[in-house]
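Paired with chain B in one complex and with chain C in the other, chain A is shared by the two complexes that follow.
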Partner chain A sequence: MNAGRFRTSQILLFVALAAFTAAMLTPVVWALMTSVKQPIDAFAIPPKIVFEPTFEFHRQVWLEKGFGRFLLNSAVISLATVVVSVSIGTMAAYALSRMSGKAVGGIMLALLSLRMFPHMLLAIPFFILAKYLNLIDTYPAMVLALVAINQPFTIWMMHSFFVDVPKEIDEAAAIDGAGEWQTFFRVVLPIVRPGLWVTALFSLLLAYNEFLFALVLTGPHTKTLPVAIAEYGGEDLNYWSLSAAAAIAIMIPIVLFMMALQKHLVRGLALGAVK
Partner chain B sequence: MQLTTAGQDAVTPALRKSAARRARRAQHRRLWPFLLPSALVAFFILLYPLGYAFYLSLFNYYLDTGASTFVGFANYADLFTDTRFWAALTRTIGIVVAAVGLEFCVGLTVAYGLYRLTFGVRALNLLMFLPHIITPVVAALFLKWIFAGRWGLLDSLFATFGFFAPDWLGDPAWARVTVVLADAWQFTPFMILVLFAGLNTVDPSQIEAAQIDGASGRQILFRIMLPSIAPIIAFVLTMRMMDAFRYFDTIYVLTGGGPGTATETVTMQTYALAFRLFQIGKASALGVVTLLIVLAFASIIVATVGRRKGRT
Partner chain C sequence: MAAVHLSGINKRFGETHVIRGVDIDIEDGMFCVLVGPSGCGKSTLLRMVAGLEAIDEGEISIGGTVVNDRPPKQRDIAMVFQNYALYPHMTVRENMSFALDLAKRPKAEIEKQVKRAADILGLVPYLDRYPRQLSGGQRQRVAMGRAIVRDPQVFLFDEPLSNLDAKLRVQMRTEIRELHQRLRTTSIYVTHDQTEAMTMADRIVVLKDGVVEQSGGPLELYSRPANTFVAGFIGSPSMNFMPGIARASGGTMQVDLGRGASLPLPAGSRADDGQAVLYGVRPEHFQLGASGLAVEVVVVEPTGADTQLYCRFDGHDVVAAIRDCAECRSGDRIVLAPDSRRAHLFDAASGLRLIA
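The block that comes next holds the complex of A and B.
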């Protein structure tokens, strides 16, 4: 194979893959364009590629249609979930990485199978219990539900970082007279800090994206962005530009997230971070 | 560890072993408080509700009236004679197999393309990954605006060229196709990512040796690379099938299970029973059955893969 033919085949391959990527991104670009179109442009046939953009709908969604409040709800619920889930999950993962024996393997496997559970089966008892406890439409109900389904992922992810830290480091700390907690907080935790951030970001994404539990457990006061946009955009196309504006805005933090975490996507997603 | 080092020649192996075991047990005792908070969460917010769901499935429990009577396994018996359940189950399996099959074929092709490409891989990989990471509800809406009647991108393109577009979301057969395409749009990037990572773990010296022996690119792919990433393929297919089986967000937004029950999967049916008809007992029974199906599914795949690996 000579160099010229090699280059041609590489360029053809690149063009094919770029075309595939473009096709995959079409729905996103289409929504992005709709969100800055006047209705007359949005409902034009043939579809308009060139038009005068307007940010009127982006403004309206946040300032007049109450999405600011939904953003606040999403932020409170997601952040609280991350703080609780990652701190207790990290502790458990540390203990599991330092223990040995059959029971540990069993626990890890049980956690993995919990991750596979049909969420619908949990949504029913969550709803009934939350109703009995008067927790429907409160933050704690949603946070507890999300912490619970997020635990298997957090523990597996942090476990994969802790096993990379040699046990000799713990033993050295123990010889220097550090207790278990001191060893954990002062010695081991600082070593896995990058992993901690990665885990926290993935957990944040999971909480931010979650729909089913939010649909069942939240109400007018605690409605999150996914539930709000599903209600809004699921209706007819009258509010098309408005819902497109909201949908695009909901996506923006995720794009930032993806750029921040590109190196860790495989590890996080293989453990099922997102859905 | 220190217990068994220098000057322990007189100690019998049995004694040394029991000392090590004692040390381990002491360490476990010191570590268990670390596990406690997670264990409490797992018990009270996962296992207890699951047990409660099973308990509920034994009752005829209507949420709107609050009436509740113990019926034993009658809800399960009802399910197995309910044609709507069997229809939903076969429909779900059809959708799952079609979607995961499509994702795997496209995913492997693209992953192999990326593997062969020598420039721009990082950027392409990241860009094509976007559909997977978007909030599922938002992703479903993006697709809805492609498939929506008359003003959606597809329909307006069809209209531009003077064709009559099918009713993507309103015709039962097309609605199922649309749901499969929607799943594929969101999860093909996941397939690509995992398979691409897998292809890169194949030992390059093995590939070079085959090249020297004159093997073609296709032979190398099918005879060397795919067999060596078989465990990854099995893992990703299992994971994907189980997830697709319980998937909810996309169908809820895209078709709501309709038209009629054309895209009603088992999960959608559970939702409708529980939160539209408020038949909590029956819905719980359906949830438990779904769980058992998913578990059976997983163990079959794991067993098959395990056997095949043992043979070669």
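The block that comes next holds the complex of A and C.
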């Protein structure tokens, strides 16, 4: 009886997950198909399932449209954002997780409220600041803006991992003779490493996909992929196929990155030493 | 190894005064157990010795040096935590060598020390495992191993056995005791379990509400408790307390317990005529007799070695542990005779022991 009910709920869960996955994948599959269709096929209604594929638009994206340059810009900005915001966020989160009192809750809420600002509200001040500091169309402008909006997330995320590490671990390290930095780098940080990877990945996605600030703060030298894609092929009939090919191209580095990190992302927190 | 002295220790957490003027002297090589109910301040006191908690007032010295302002790493102590606090990302070997590694000791020496500790604790087969791959008892041993390799002046134990099951707890209790006999390192051990305190300690310090109620050897506390708290806390099952009035009759002093029951004063105690007192008898110091307390048996619990009788006398519960008493049944009326040489008398108002 129980086993039967268990199996039924398992099947329902599987069906729900399959439906969810299909819904999520539909646009990706659609983009993939569109990217290898001739424009005439891409516009066809009802959509054509059988067609003669062409890789012309992928070739154009990679070879003629300066994709490599935009990818480099995106990579530099995203990685710099991750390094800066995760470093600051991790140290701040550790400090907050080891503090007690009402101030901690206040700081955490204040950080969260920063995330509530619509990005549009920040885009204009960021633009004015960057212009004033002569940073328009430079990497630091984008990195600073992205770090600013990403910092609350990294602190909250890392905080949730640090509070799961019992403070006795820090105390044991202190008794073993570790200073605060040694405790942080040699004891606590390695324990939350899987969380660090997750936080880094989400920060990377945010920076890599960010559009609004990139539109406002970048220029010919620092244009990132999302902005570049939006400008692709706007003027001709190839628009759909070319954008789709670019969308697939922009996905590839992230998919590769996730595959490389899969082991770290899946692994749970190894806190077996603590009851 | 070193003596540890605590004098005039006070500690407040906000408005709460958790440690109130505690003085404890622990001699070199002694195994001292701090025992008391939860919230009595025993763990706080231990953490103050460790340097994990600041001292508001008073002085703590280890090996003759005042350590109040020294961080934990300069106190030459090692501590075993209740939840073990092993480093989950390090193997048993790395857990044990971490402190020596930080102290930049030579590799060969580190290896030798880890080997020695692992030998003592039977951890050699597990050196390359991670804590999550070990059982509770093994983790407990690793925590002790981490302490041993340091060869510290003082070992601190903060309720190290409370996460283990009953059988393992008894086994580890013996192991810790053996370890102490072997290493002779001064040890301070915190527990809420009076059995642990009685079986392990050279000296027990009983704490309540941040105050030392009594300090002494296990048998001293058992046979001469300073007040009703210590008397009730030490020993299992707990001591019976029966309220009565001291009355002079026929040249001797008696304790009138009501219901016509009157008992001679316990040996070595004194009371004034008319004084309200508590007559204390441990369950194991009752015998079945002809004169004493006439009680009604409520529950009979044979344990094999003895039989515990839960009885009622004048509205009070009285527990007796009688050897070879298979005959009693619930509802029986029996007479319990306390051994007046081993009974105790306390002042009803202050709870203090009344000594002749």
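A few comments on the model shown:
In this section, the second predicted complex is superposed on the first by the 211 of 275 C-alpha atoms of A that agree within 3 Å, B and C clash if a C-alpha of one lies under 4 Å from a C-alpha of the other, contacts with A are read in each partner's own complex, and residues count from 1 in each chain.
Keep this in mind: a contact is a pair of C-beta atoms (placed from the backbone, for glycine too) under 8 Å apart; a residue touches a chain by one contact, two chains touch by 3 or more.
Keep in mind it's a predicted model, so treat the numbers as computed, not measured.
Legend: residue contacts after superposition of the two complexes on their common chain; A:191 is shown touching chain C, with no touch to chain B. By the touch criterion stated above, A:28 is placed in contact with chain B alone, chain C being left untouched. Of the two partner chains, neither chain B nor chain C is touched by A:108. Shared-chain residue A:135: touches no atom of chain B or chain C. In the superposition on chain A, A:13 contacts chain B only, with no contact to chain C. In the superposition on chain A, A:169 makes contact with chain C only, not with chain B. When chain A is checked against chain B and against chain C, the one touching more of its residues turns out to be B. With both structures placed on the common chain, the touch criterion links A:177 to chain C but leaves chain B unconnected. By the document's definition of touching, neither partner reaches A:79: not chain B, not chain C. Once the two complexes are overlaid on chain A, the chain A residues touched by chain B in the first and by chain C in the second are 171, 270, 272, 274-275.
By the touch criterion given at the top, residues 1, 24, 27-28, 30-32, 34-35, 37-39, 41-42, 45-46, 49-50, 52-53, 56, 63, 110, 113-114, 116-120, 122, 124, 126-139, 141-146, 148, 151, 153, 156-157, 159-160, 185, 188-190, 193-194, 197, 235, 239, 242-243, 245-249, 252-253, 256, 267, 270-271, 274-275, 280, 283-284, 287-288, 290-291, 294-295, 298 of chain B touch chain A in their complex.
In the complex of the two chains, the chain A residues touching chain C come out as 166, 168-169, 171-178, 182, 187, 190-191, 193, 270-275. The touching residues of chain C, when paired with chain A in their complex, are 50-52, 71-73, 77-79, 81-89, 98-99, 102-103, 130-133, 136, 139, 146, 150, 163. Against chain B, the residues of chain A that register as touching in their complex are 10, 13-14, 16-18, 20-21, 24-28, 30-31, 34, 42-47, 88-89, 91-92, 94-96, 98-101, 113-114, 116-129, 144-145, 147-149, 151, 155, 171, 180, 184, 205, 208-209, 211-212, 215-216, 225-227, 229-230, 233-234, 237, 240, 243-244, 247, 250-251, 254-255, 257-259, 262, 265-266, 269-270, 272, 274-275.
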